[in-house]
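Structures incoming, each one as structure tokens.
The same chain A turns up in both complexes below, where it pairs with chain B and then with chain C.
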Partner chain A sequence: MDVLLPSLVDGLLIGFVYGLAAMGLTLIFGVMDVVNLSHGALIVLGMFGVYLLYTALGLPPYVGLFIMLIAGILLGMALYGIAIHPLLGGPHLSTLLSTFAVSMVIIGVGTALFTSTPRNIDFSLGAVQVGNIRLLGTRVVAAFVAIIMAVGLYVFMYRTHTGKSIRAVANNRDAAELVGIPSRRILALSFGLGTMLAMVSGGLIATLFPFNILSGGVYELKSFVICVLGGMGNPTGALLGGLILGLIEGFVPVFMPVGWTPVIEFTLFVIILLVRPSGLLGAR
Partner chain B sequence: MRWLRDPSFWVSVLIVALAGAWPLVTGSASGREDMSLILMFVILASSLNIVLGYTGYVNFGHIVFFGLGGYIGFYLISQMGWHLIPAAIAGAIVTALFAAVLGAIILRLRGAYFALATIGVNEAVRALIVNWDALGGAVGMTMNFKRYQAYGGPMNALWVAYGLMIVVALLSVITSYGVRTSKFGLGLLAIREDEDAALVLGIAAPKAKTIAFVLSAIFPALAGALFFFKNGNIEPGDAFRLHMSVEGIVMIMLGGYGTVLGPIVGAATYERLRGYLLTSPIFKDLQLAFAGVLLLLIIIFVPSGLVGWLRNRFPKVRRVLA
Partner chain C sequence: MMILEARDLASGYGELQILWDVSLNLQQGRLTTVVGSNGAGKTTLLRTLMGLLKPWKGTISFDGRDVTRLSPHEKAELGMILIPEGRQLFTDMTVLENLEMGATPKRARPKMEENLEKVFELFPRLKERMHQKAGTLSGGEQQMLAIGRGIMGDPLLLMLDEPSLGLAPLLVIELFDIIRKLKEAGLTMLLVEQNVHLALAVSDYAYVLSQGRIEIEGEAAVVRQMDEVREAYLGL
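What follows is the complex of A and B.
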């Protein structure tokens, strides 16, 4: 119990950040039926954005995050115009490949500029002691930021006109067009939001763990697992999926060698896809 | 034989056979290494094309068959002392059985869900092998040099493996042609266009998809056994590189999705291009980014690939370019 409880709490805190990353992926899938294979590269972009602003300009990581938020929306909208819009309505393969091509470009340029040496953001907020649990300040803040972003996204989607338009387009693009929703702009904005979530969560992860230009792949795969756990296209489910994944990562190493975590995660992933493709929260 | 009178059959087979025979004639070791890589890519792309191009299922985990065949073959040769040929065949049989079971389960998923599941399968198998100590775990296994004596020394073993690589490449191209021109292949194309309509028309889609999946698993498994035998060591990172699956897809797109000749042309073009970019001083660091831009341009502007474009533009060449 002495080992279990702290690792569970740690897992939960990280789970919120994972969930936030996965929300970006699931939002894009839900709205335009596109699996964004540049998700990992965008996460890395967020990591390096925050890192560079911190090391070069001395901006605190949380200010960097805010800049990533704006940069993410703009970049995402541009990417939508280049790599998604011309291919919507075609076979799945074309958007899978075009987003993968975007990822190759980002990682390729990134590797040329920064090589693949590991980096970390040397930034600490101390720690809080609750009972026998020691909570790292950066992890608590990261979880807190992730929760605020998730709540913000929820309010935006359900309480604002634009958010309702996004949901309408996700539901039925033709019908949304008929009632006068400019679907192209809404789709671009949704891709922007998805990119923003990826980059912000990347920035948050950068404050927690060391990373390099190739780290995106790991978090992209985690996001896939989370999306499938929560149901593809379901942002609330993604948060739940993130927590489950965080718990697994906190829980498994207590009982068996840490190398088994991915075996369990990916087996669970394939099983959930087969048994409940609409996710744990979805209808059968 | 109807095939033997079809010029497009001969075009595809002769291109692979002549290109493969060239290093045998010149005896150049560097030519052999280049061509060996191209042939391996031809095998990967042609076999993937059966599932991706003909059946329309996006498989990101194609490389799992390459890795499994490689691991089983390598284990049988290095630990059990088997000869290369039975070891590679055993690897292919086990991999085909794995594909049959896996296919029967995951081919129920469609579209993006199937694509995601294949990524999951590749990662799960890789993670499993990393934890499997008998197979060397994360560091993998190394071939004892004494093993190569049975093939007339290490130098000769490379030529033996190369000769077998040509045979496997030819077999995979012939299989790809055979599927494309058979009634079974027409069924697969119907599934690609509209699976529900195909079911209504009486095509046993689940069975056809599983057979296509198994066929596409055999050749990369053989290629994996040959490649890692030549390589002398095997590790999970090399055997289950997700990136290589995607490279296979890029080759297919480059050459022409759903054609017999497309994956061959695509594999050769991609390998040459990559070799050029890796060695050119300007693009050395940016080769990945450059390949990405190229891929994006192809998908947006020439979605049917080189061979597909020729077929659409000049209908007369369809007789020669399958």
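What follows is the complex of A and C.
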């Protein structure tokens, strides 16, 4: 019990960050029916962005994170124009391939520039003691940032005209055009937001764990598991799925070797697909 | 004054040509109808006018400017609003959100409150169901919402595609009462209908579309008396 509770709380904190990453994936799927296979590479881009700004310019990771936020939206909108828009309306395979190609380009260039040496952001915020649980400051802040971002996204989607326009385009693109919504711009913005979420969560993860240029794959798979858990296209479900995954990661190592974690996660993934393919909260 | 002029429009899907040299003139402040049987090309005509389909040839001008190549959202911005066949609501969003989305054009934004009141006055039921998801409304209520969403766009020209489709007879009568009210309020409309009898009764000017061509045009009251129309469309 002495080990379990702290481990679960720790897992929960990380779960918020996983949930945030998965929201990026699920947002893009929900709005334009595109499974973004460059998600993992974009997470890594966020990691390296924060890392390089910290090591080369001495910018604190949370300032770097803010820069990733802006850069993510811009990069995502550019990627939409290059890799998504020309293929929209075609078969699913074309956008799968084009986003996979984007991923290969990012990882290829990244490997050439940075090799696959492990990196680590040498940055600490100390620890806080809550009862008999000791929490690392960086994890608390990461969870806090993830919650703020998730709430911010929710408010944006439900309270602003632009956010509602995104939901309208997701719901019925032709009808959105008919009421005067420039659907192409809205789709580009949505891809920008999805990219931003991937890069910001990557930046957050970089403050927690060591990583290298190839780390994206692991987190991309986690995002897929989370999206299926919560229901594809459902951002609230993604957050819930992230928390469940975080809890599993806190729970498993207490009872068995940590190598079992992915086994349990993917077993859950398969069970959900078999028993409740629309996810716990239902797909969009 | 003409609000919309279409010259020699041709369009279709893929290789299949549906419209052949269709010309229309819509006068401001009048209710014009395009009637015709199923498959005559009525919906294709509206989709082409609105830009959901690109015209193969011909020109469209609206409010004195050439809009042939504009996309639907640009046309909506200018005041051309289409209420599409099958309502096409944002079913996952609330009634109020659907109406708010209707007010997307810049010219409609400042009038949003005013138009919202107008819509709720016309359709008190929508006010009661304001926070309900649009997908949970009955067919009649959905059609009201579709019209309400169109009014929210503060249209200079409101185009309605088969609004009576799938409605119970009593609701059809109610719908045509609404259309008449909007006309009396001075709204310029283009009504496309299969219900030829009611459409001709409520309209000022009529076009009869057959196999993708305009076959007959004239004042609705005159068209209604024509033998070929009475035989082919009114079953008299």
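As a convention for this text, the second predicted complex is superposed on the first by the 282 of 284 C-alpha atoms of A that agree within 3 Å, B and C clash if a C-alpha of one lies under 4 Å from a C-alpha of the other, contacts with A are read in each partner's own complex, and residues count from 1 in each chain.
Heads up, the rule we're going with is that a residue touches a chain if its C-beta (ideal position, glycine included) is under 8 Å from a C-beta of that chain, and two chains touch if they have at least 3 such contacts.
Given the structure is predicted, the values throughout are model-derived calculations rather than measurements.
Trainee: Contacts for A:168 in the overlay, against chain B (first) and chain C (second): which applies, first, second, both or neither?
Mentor: So A:168 only meets chain C here.
Trainee: Go through the superposed model and pick first if A:259 touches only chain B, second if only chain C, both, or neither.
Mentor: first
Trainee: In the overlay, work out which of chain B or chain C sits against more residues of chain A.
Mentor: B
Trainee: Between chain B (first) and chain C (second), which does A:93 come into contact with in this model arrangement: first, second, both, or neither?
Mentor: Only chain B; A:93 stays clear of chain C.
Trainee: Quick one: classify A:178 as touching chain B (first), chain C (second), both or neither.
Mentor: second
Trainee: Looking at A:121, would you say it contacts chain B, chain C, both, or neither? Reply first, second, both or neither.
Mentor: neither
Trainee: Within the complex, which stretch of chain A touches chain C?
Mentor: It is residues 161, 164-165, 167-168, 170-172, 174-183, 284 of chain A that touch chain C.
Trainee: Over in the complex, which chain C residues touch chain A? Could you list them?
Mentor: 50, 52, 71-73, 76-77, 81-82, 84, 88-93, 97, 100-102, 104-105, 108, 149, 153
Trainee: Tell me, which parts of chain A touch chain B in their complex?
Mentor: Within the complex, chain A touches chain B at residues 29, 33, 35, 82-83, 86-87, 90-94, 96-98, 100-105, 107-109, 111-112, 217, 221, 224-225, 228, 232, 257, 259-260, 262-263, 266-267, 269-270, 273-274, 277.
Trainee: In their complex, what parts of chain B are in touch with chain A?
Mentor: That would be residues 52, 56, 58, 105-106, 108-109, 111-113, 115-117, 119-121, 123-124, 127-128, 130-131, 138, 242, 246, 249-250, 253, 257, 285-293, 295-296, 299-300, 303 of chain B.
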